[in-house]
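Input: structures, listed below.
You will see two complexes here that share chain A, one where it goes with chain B and one where it goes with chain C.
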Partner chain A sequence: MSQSSSLTSSPVPKGKPSHNLASFMSDYGIVIAFIVLCVVLSVVSPYFLGVNNLLNVLRQVSINGVLAIGMTFVILTRGIDLSVGSVMAFSAMVAASFAGASADYGLILPILLGLGAGLVLGSINGLMVARFAIPPFVMTLGMLSMARGLTYIYSDGMPISSLSSHFLWLGQGMVAGIPVPVLLFATVFIIAWFTLRYTAFGRYVYAIGGNPTASRLSGINVRRITFSVYAISGILCGLAGLMIAARTSAALPQAGVAYELDAIAAVVIGGTSLAGGKGRIIGTLFGVLIIGVINNGLDLLGVSSFYQQLVKGAIIVIAVMLDRSRLTNA
Partner chain B sequence: MNKLLAGLAISTLTAVTTTSSLAADPIRIGAATYGLQGEFMQLWSNALKDHPAVKSGDVEITVFDGRYDALVQSSQFDSMITRQYDAILFVPIDANACVGPVIQATTAGIPVVGSNTRCNTDQLAAFVGSDDVLAGQMVAEEVIDKVGDKGKVVIIEGPIGQSAQIDRAKGIDKVLAEHPDVKVLERRTANWSRAESLSLMENWLTAHRGEIDGVIAQNDEMAIGAIQAIQASGLSVDDISVAGVDGITDALKAVQKGQMATILQDATAQAQGALDVALAKLGKADELPQSDTWTRYPDLAWNNGASDTYNIPWTVVGNDNVESLLAQRQQ
Partner chain C sequence: MSSPYLLHAEGIRKSFSGVPALLDGHLALRPGTVHALCGGNGAGKSTLLNILMGIIERDAGTVRMKGHEVTFNSPHAALKAGIAMISQELEPVPEMSVAENIYLGREPRTRLGLIDHRAMQRQTCELLASLELDLAPDAKLGNLSIADMQMVEIARAISQDAHIIIMDEPTSAIGERETELLFSAIGRLKQRGAGIIYVSHRMNELYRIADDYTIMRDGTFIESGAMADIDRHRLITTVLGKELDEEYAKFNRPGDNTLLEVDGYGRGSAFQQVSLHLKCGEILGIFGLMGSGRSEFLDALFGAAPADHGEARLEGSPYHPRHPGDAMRAGFAYVTEDRKGSGLVMDASIKRNVTLASIADVAHAGLINESRENLATRPFIDRLHIKASSVDMPVRQMSGGNQQKVVLAKWLQTNPRILMLDEPTRGVDVGAKREIYAFMSEFAQDDRAILMTSSEIPEVLGMSDRVLVFRKGRISGELSGSELTQENLVRLSS
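Showing the complex of A and B:
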């Protein structure tokens, strides 16, 4: 956060107690909201706080979590990536086609091909946005359709199942009592957090989202950074593709439809501004957890999924409302 | 869209040139599917292409991908009417949105034979499909037979409001009414999705630990998701009876492993039967019916293609027939 404020020329005002409260709320509001939600759910449902249930929640959010982390990088640069669900489905299909139980290529090749497929499509997004100035919304909307089409072409519309047991480990395995998808999500989160907080690249991501013109004038290679964030989102879609194919024991051509919405929702709930330059990856983590806990809690309580959608939508709007009030306060 | 149609037109033209040596004037039939993305519609369209009349070149089939959108299907009807197809086989995405296109085609003198999904109009030349209410009954009976009259079950539904969901739910409710002591612990949609059903079932297994005896799923994808959740939570599928509907390949494999039961919906019979009926309505084919649908289901009366509704029977897939069904899929 300190990097972003120093580069975006919007220093947080200090001194007045009301501002302190406002900035405290905007920094920790998401954490408080999450804790309140968890307390409420553990009171109304005796099952919520069980170790197994909490592991379930973490396993259920890990795929959206990985997508949302890539989305955070893109949104910080004022971009958007609408293609994550389709790119994920394509990567899953490519990886699964080399992970059959009968024609076994080992674990490394499907992983590399899955990540590679995501990286290639993400790089095309990045190239078109950074080099040819196609608006991110348009480019990734196009990719949403193209990647879905590629998925159907590649699979001929049929699911690929009967995957090898070591590939399935990526989605269903455990290491020291922790599900593998959760470990993958945690690893990606730590790398992303470190990158945004401690590297020059991370500072540039905030800078070009905050003020692209000033960034270019100060010598930042805006094109390269812009390209990179879409490539990062792509490779993370590849990882999410490996995870969902392994979790559901099949690569399904219709997988991941509308997943971009949950990923964007998590980023927005986490306080990252769609106007770019402001936000933190830890916010995205809590955004992902809040969506997961709401879904899980309402399932445990037996609430209809209609209400689930209503609640999720309302939380997105409220989160953006808080974000707005923070902008006007600052 | 235009490019797609152009592509279809070109492939149709090539089809005409290749078949013209065999038959002077092939019967042109358009097959409007709700979307080619699921396995079931793939099987359905492949079955059409394997119909004897198509193989002999007497009939030329053009398959349209409705892309799960009633509006797309409507514009595909427009172009089929413009290009004066002899007949249309129609699998609508929605039972009400389909009425307009059917009336348009019928008014233009093109008979429309419905297949798989019902359309709420009396303008269809005939309907060849399977009764989803019956499927709901069968899947519920399959589970309740195993869990007993006092068992506790959960129900996983399709997208609320879709005709298959409504009808399968009706069938399930009918059976539940006959077994008043069966307790329904939960009933929710997972939108036909394996991934969604997996998370839902994980959460239910937490909320009702050790209580769930059976899972009634309105389709196979969701039944498989439930099985994966049961296995992931360390429970055994031997303790929880799971059943689904459709008979997709993954479900047949799961039946083979003894993990679930499924009610097979016969895509081949629905597609080839509909084509037989369409040819009968046109009165153009000499020997009818040509497909083996009618010999495979002796109870299904052909009635010279004059009936309004042909209900293709559902088949319960068990140990006795799963091997042969899987062998058919491998082809």
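Showing the complex of A and C:
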């Protein structure tokens, strides 16, 4: 309430507001939830804390992680990108078609083509949303179908396999004992965190999600920022496409179906508001990890994948519910 | 047990997470009267009203209606008991008709349980006629003016048999003519024996319509009595708890050099043929009713919705803003009338709002330098007397007056020469208003100038060197010196 502020305030600001348990929980609640989950799983399954298993979890989450980071940018601007799974599949197909073991295109060309394919489709999303004011839900729903169609057309419905060993390194290689996909995810995460935290661009992403009108009247080029977040999401779909093709040793036309749901779930579990303007990339990281650990834990416990979907869905709803009750109690 | 009061609240206390917002809320409302609830931003008025409406729960104290103690745990319960609140915050359903809005949730039914549209239409007609309101029952609510929407809310309150009606700043978004309509509706409500709790920062209104007053300060009841027994000066000093300087601290002096010339500006049907000139050191007032085109004109001058006719010159050179960025580079700043909607990012901190329009000044190669950002923000806290616990405080938690100062700080940070203020003191308490007036005089010096619109006549008269009056998208007259009177403003604007 507005009353409380001016009653207690002194005219000169000094220091930070004191932290109580409630604000601690709201800042770190997701971290605590993650730790609790890990403790529970390490008790019920002796394999959970093994180094191999933990690396396996990280490898499994890295693709969703890359998609969820792009999704965080989009959702912070009050948008949504439903097309990430399809755009990823198309990028994977384009990259794989130049990464055959027999053909000699090297590693650079398939990487550039894969990232480029994602960037082009993401930019189309961005252009239509920013310039022609198509609602993001509608535009990216359309792109979800169009990109999938393009993938089938481009591949004639056939998977592309027998990829070069250079290319497979992107999904299966190790550097200093750490899987390459995990390193890619970590790199993207650090860049994204830095961008949102320290750059003017990051500041604008929050501002236009918080209040697009005020941002526009403050001289911010709202269209350009809006366009950029979809382009970022697109290029990250391209990266995820490279990673998934390399990890599974093939580009499949039906790859990544419903991946947008996990990416959105990670962002939402991480506390980013679908209404825009509020959220943190670190939350998304833990959202991704929580989903990964739940999948892994249920695998270890031998729970069927049918139940995994049920549990994951319930956790999304509970996470948002807790977030809501925190907001109304504040 | 009978009581002379419709509503009697005593000793109401409320804290939010340990911080007291209300220490001793007290209000005694007599039937057939308008009761002015006065206090600065943060005095605890809204907390008290929200408790009366059942929106928040009280920690202690009693509320009695006609002598019976009551406790409401939801606005619905309060409404059932006959208390209704009309404020800007209560959102109607814009896609539904007037009749559907009035009977929302309690639509008349046919024998089959379907909504009886004919009965609803008829009852609405009777209701609107009894209030002498000229509204069509099937008009879409979203197409009505804010004033008419408020009238619909009032009609709704009456149709629910509310005999206690809380009005929180009902005139802050409506013009002179609509205010008259509201006041005559209030008059009819009084005749029916209803009691009205009226909150407004506009002193003139209180003296016109209120019978009783209650003053609160810092969450505590200070005094109450009959409006006739307290003069304006004592009312203001009691609200503030201190003596005040002159209300309109005006000490700017228009110079000779022309800063801005506008010639034949127009856009669509919003405004046409607007010409004006603004001198250095001048505060040029623009007066007009809602929908007179005044805000649209400012939008055009700021490049937010560019003009499609006419031209403007800034110190003789052509000025054609296509985007707000163009206007900002030329030295314009624009404080809009709707600070929540188009001024502030409500969830962001003071600091982030202050630097929103000037990130480049605190950034290097796209990277924000946070210590420079703090350094840029802090001076405004002192200079504009912004009350805040820190520059990291979210603006949502601030009072209206302090939020408005944050908007001003945002624009000062861009170093403007022409400051455009649209309703600069809407929803701002008396103390903060004066500070804003003093700031305006201070700003309009040297080679700077202010273009201000307002629908508050005393403010326009008190602060402007000259006034242009807008009517139906055109300038209907220019007033200065001794022509600057309330009568002339009203005559030219309506």
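The criterion applied here is as follows: the second predicted complex is superposed on the first by the 306 of 330 C-alpha atoms of A that agree within 3 Å, B and C clash if a C-alpha of one lies under 4 Å from a C-alpha of the other, contacts with A are read in each partner's own complex, and residues count from 1 in each chain.
As a working rule, contacts are C-beta pairs under 8 Å (C-beta built on N, C-alpha and C of every residue); 3 or more make two chains touch, one makes a residue touch a chain.
Everything numeric in this text was worked out from a predicted model, so none of it was measured.
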Partner chain in contact with A:312 - chain B first, chain C second, else both or neither: neither
Touching partner for A:302 - first (chain B), second (chain C), both, neither: first
First (chain B), second (chain C), both or neither touched by A:280: neither
Contacts of A:78 with chain B and chain C, given as first, second, both or neither: neither
Which of chain B and chain C A:207 touches, first, second, both or neither: second
Touched partner set for A:45, first chain B, second chain C, both or neither: first
Interfacial residue positions of chain A with respect to chain C in the complex: 1-17, 20, 22, 198-201, 203-204, 206-207, 210-211, 213-221, 277-278, 330
Residues of chain B that touch chain A when the two form their complex: 36-39, 42, 160, 186, 188-189, 193-195, 198-200, 202-204, 206-207, 209, 221, 224-225, 228, 232-233, 249-250, 253
Partner chain A, residues of chain C touching it in the complex: 16-17, 19-22, 41-44, 46-47, 218-219, 302, 304, 323-325, 328, 334, 336, 341-348, 352, 356-357, 359-360, 363, 366-368, 378, 381-382, 385-393, 397-400, 402, 410
Interfacial residue positions of chain A with respect to chain B in the complex: 45, 47, 50, 52-53, 56, 59-60, 152, 156-159, 161-162, 172, 244, 247-250, 252-255, 295-296, 299-302, 304-306
